[in-house]
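Shared chain: chain A. Partners: chain B in the first complex, chain C in the second.
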Partner chain A sequence: MASAEEASRPFAGLSDVSISEEIPVEGDIAVPVGPSTRDDEFSTLDEPVKETIVRDLRAVGNKFIHVLYPKRSSALLRDWDLWGPLLLCVTLALLLQGGAADSDDQGGPQFAEVFVIIWFGSIVITLNSKLLGGTISFFQSLCVLGYCIMPLTVALIVCRIVLLSGSGKVSFAVRLGVVTASFGWSTFASTAFLADSHLTNRKALVVYPVFLFYFVIGWMILTFSPGN
Partner chain B sequence: MTTPNDLQFQEFDEAADLLSADPGAPTLSMSASNDPAATAGAPAAGEDVKLDLSEDEAAQEESSELLGGQKSAGGFWTFEYYQSLFNVDTVQVLDRVKGSLMPLPGRNFVKHYLRNNPDLYGPFWICVTLVFSVAISGNLSTFLSSLGDPSYHYRPQFHRVTIAAVVIFLYAWLVPIGLWAFLTWRQGAERQVGGYSFLETVCVYGYSLFIYIPTSILWIISYEWLRWTLIVVAMVISGSVLVLTFWPVVRDDTRVTAVATVVTIVVLHTLLAIGCKLYFFQTAEHTPPAATIAPPIHPTPVTAL
Partner chain C sequence: MILTRYQEQLEVLELKRTTAGPVSEPAVLRPQGGGAAVIDMENMDDTSGSSFEDVGELHQRMREEQEVAEEAAAADADGADDFLGVKGLKGQLGRQVADEVWQAGKRQASRAFNLYANIDILRPYFDVEPAQVRCRLLESMIPVRMITFPQKVAGELYGPLMLVFTLVAILLHGMKTSGTVIVEGTLMGTAIGTCFGYWLGVSCFIFFLAYLVNAQITLLQMLSLLGYGLFGHCVVLLVTYNIHFHFLFYGLWLLLGGLSTLRMVAVLLSRTVGQTPRLLLCGSLALLHMSFLLYLHFSYHRILEGQHRVRARTGSGLGQVQH
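What follows is the complex of A and B.
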């Protein structure tokens, strides 16, 4: 009855603001200091620039090693980055310059053509595998395809060194062997990383464009002929 | 969706009498001819009962509509729409490629192989492969035909890839657009059914270009008689795929229009083949192609023979 009387008079209880001891009111309303120290661990604003660059370089180098010894690891996929592909693409495009008589348009691919083929080709292959129902993400696929150009870039460096000693039949045979081996290596490495268990019926449909992509890059490397 | 009312007009008298005698008797609805799962909807299910199977292709058209795969989902601005266009397995793509290599008079490519499931994988990658095979084979043939020439210095001629890409992709996309628009307009005027969708037209054209890939590789062998034989064979095969596909659609039109359409299809296809051969696979007597050469789809290369 007393509670009903109290309820009938709204705000009646506010006249007595003392808190009875039966209702414990305790607590700490101060913000705990913990997160600010955790924040310091992830904040990279204060570290020296050299450390930042070295960390990224180390990540890129780690992925290069994974391409050299392709096994089914998820290192390339988990921490994808596009620095490696950009580096490789620029190196490839620069090394393919200085070919036969750039003055007319009969020569090898221009710098822009190499860029367009590599990046546009990677995007198209990624879109193709996604449209066929693949579960790999867009940038992960770009990352893998870009990193797997590395054997072909190494082959181009070897080819240029071989071409320094002449461009006869022997050097052509050596270059053919090197480019074929690295093309096979690139295709094998990228299919090892891009292997998607989701698409059992369409594996050949996904692998063929990758094969064509590295074949074209291999062709560009093989037909590089030095200027006079 | 079929309601019970749709089923009633097909019931026979004795069944109706039995039902009226004992309304509570368990009944089985005949689901053979009115399959509620038919994706074509009620009118097509009704037509199936009255079909008289007079023409093989008409029957195939009906059955392919009923058995057809799922229609494309969503509008053309969604990703799922394009995913439905890549809904093919490896065996299906290989089967379609085989069908484009062996055109038989009874088999309409669209009805027999596509079966309401046109894909864009085949046309796109066949075009890309054709671009590179034509450019690379052309380069190789120029190199091989100039082997004895001491003044010849090997050139990769990479600009040909760009030219080949522009020509082939324009052909593989603009010609189907034009043909589909023309056929749709004619059917709108003549009130006919049985036309092909735009994607099916693109698909047929894409797969019909497949024969040119091995042809262009074989063109490296630099004997003129061999090259002309190969081009005739390829054009016959590829052209007959197209003609067999489009003839049933245009034959109900006026005679002049039908023949003119088919002749245009064949002529454009011929121009593409001959233009590619003349531009990319020149013999050693000609100078390497300078920038002054006319675009290969222009009729003038015929005089360059």
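What follows is the complex of A and C.
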């Protein structure tokens, strides 16, 4: 009650103000003209294409750096985009194509298969995360999962280079080590971004499908052998 | 003749309106001579019909106008039947009906969308804690002997779903290490199809049988039960895809596969009445569950030891031994 009185004290003087109906209220209200380019700031239609592309590339690159050094930050979540995941997914699928286990040409995963696995897996993990009570949105989760495939893509490139020198036991051991390290890195990176949005005791439930997902991708990379 | 009577009524109506004094509300509809009802558009510019309140207001106004006009027409007409009154306002009525049909259709579509595209339907089935999942995984290997009254079955889908995905991953690992070649289709597709097909298909089949014999179990409970029953399969396959001994596999098949099957059978027994229904239900489940494990081991995995031995003997012309 006292606080209400205090609050109304600054306006107490106004309670006596009354305007009679005969006096017409008229006049001009001059609003100081703010930056008239306010609309132009949000409209990016007029800028040159190069600027748009460079800005988007910079945003994508920034997120890649965040994945390389995963610390708890909201950069990936704040300005999510799906360019990075698309780029990584296409790279992964292209590099994994052309692998053949035997003389048959269907031993390796095809482009569409990799694509479907990555996107379907991401969607399932996102739905699971939301159903467990997660607070991040659908596309933010897709963004994080897609960007965190980057270490595995790097591992695939390394594996292909190693395979150029032969496919013996040593090369297998090297590949196994590289893929395991990058798989752990991917899981850790995505956990750093995703798990914050959950209650602490359910983190394990959210992380497990992510672990499975990257395990399957890592398995596809490890078992890849280029055809003759 | 009908037309002239109608025109007469409209003129009377018009006269009444003009002599009635200032109109209290804006006249959106002014029936003019000749039977044409015209909607005055100048009042509609501001509403633009895009907000619900505006459209609602518009409908309300139209309805009121129509009621007023109908009352006036009915009061003035001497023995004129309703048919004429309604026909005279045909344009407005037609438009109103079309509007209402559109609104009803839109309402139904949005209701259907909210019903089916709403993942919140599944939310209660994912409301678990890690400790609960761990408990249930361990309990799935422990058959409970009490079958006198129905045993509790957890109705959750997180554990079963994760177990199916784990089985897919293990199957892929097994297929690749044994160099399985799938002729039509892909490894991933086969693994996912097999595991999900088994989980969903056998659950539905057993639920259907349960429905026939009037057992007390719902589809959700059956999905949950069978999903957790796959835990034993996962463990057995994980071990035997890496350690290749026949007897190890058969021992684990009997032990772990048997335990998880017994648990499911005990739950179903506790919920079924009658000897024959029990036999039918539990027999089919046991048969399907145990044979699935056998199938997973033998079709997607050739024991590498056998292959090594065969390769050494190929020179002597013996046929390839496949396990």
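Basically, the second predicted complex is superposed on the first by the 184 of 228 C-alpha atoms of A that agree within 3 Å, B and C clash if a C-alpha of one lies under 4 Å from a C-alpha of the other, contacts with A are read in each partner's own complex, and residues count from 1 in each chain.
The definition used in the following text is that a contact is a pair of C-beta atoms (placed from the backbone, for glycine too) under 8 Å apart; a residue touches a chain by one contact, two chains touch by 3 or more.
The shown structure was predicted, so the numbers you read here are calculated from the model rather than taken from an experiment.
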Partners on chain A (chain B, chain C) - clash or fit: clash
Touched partner set for A:113, first chain B, second chain C, both or neither: both
Touched partner set for A:224, first chain B, second chain C, both or neither: first
Residues on chain A lying within both footprints (that of chain B and that of chain C): 101, 106-107, 109-110, 113, 128, 131-132, 201-202, 204-205, 208-209, 212, 215-216, 219, 223
In the complex, chain A residues that touch chain C: 101-102, 104, 106-107, 109-110, 113, 117, 127-128, 130-132, 201-202, 204-205, 208-209, 212, 215-216, 219, 223
Contact set on chain B toward chain A in their complex: 82-83, 85-86, 88-91, 93, 121, 125, 128-129, 132, 136, 139, 153-159, 161-162, 288, 291
For the chain C and chain A complex, residues of the former touching the latter: 119, 122-123, 125-126, 128-130, 133, 158, 161-162, 165-166, 168-169, 172-173, 176, 179, 181-182, 186-189
Contacting residues of chain A [partner chain B, same complex]: 99-101, 105-110, 113, 128, 131-133, 201-205, 208-209, 212, 215-216, 219-220, 223-225, 228
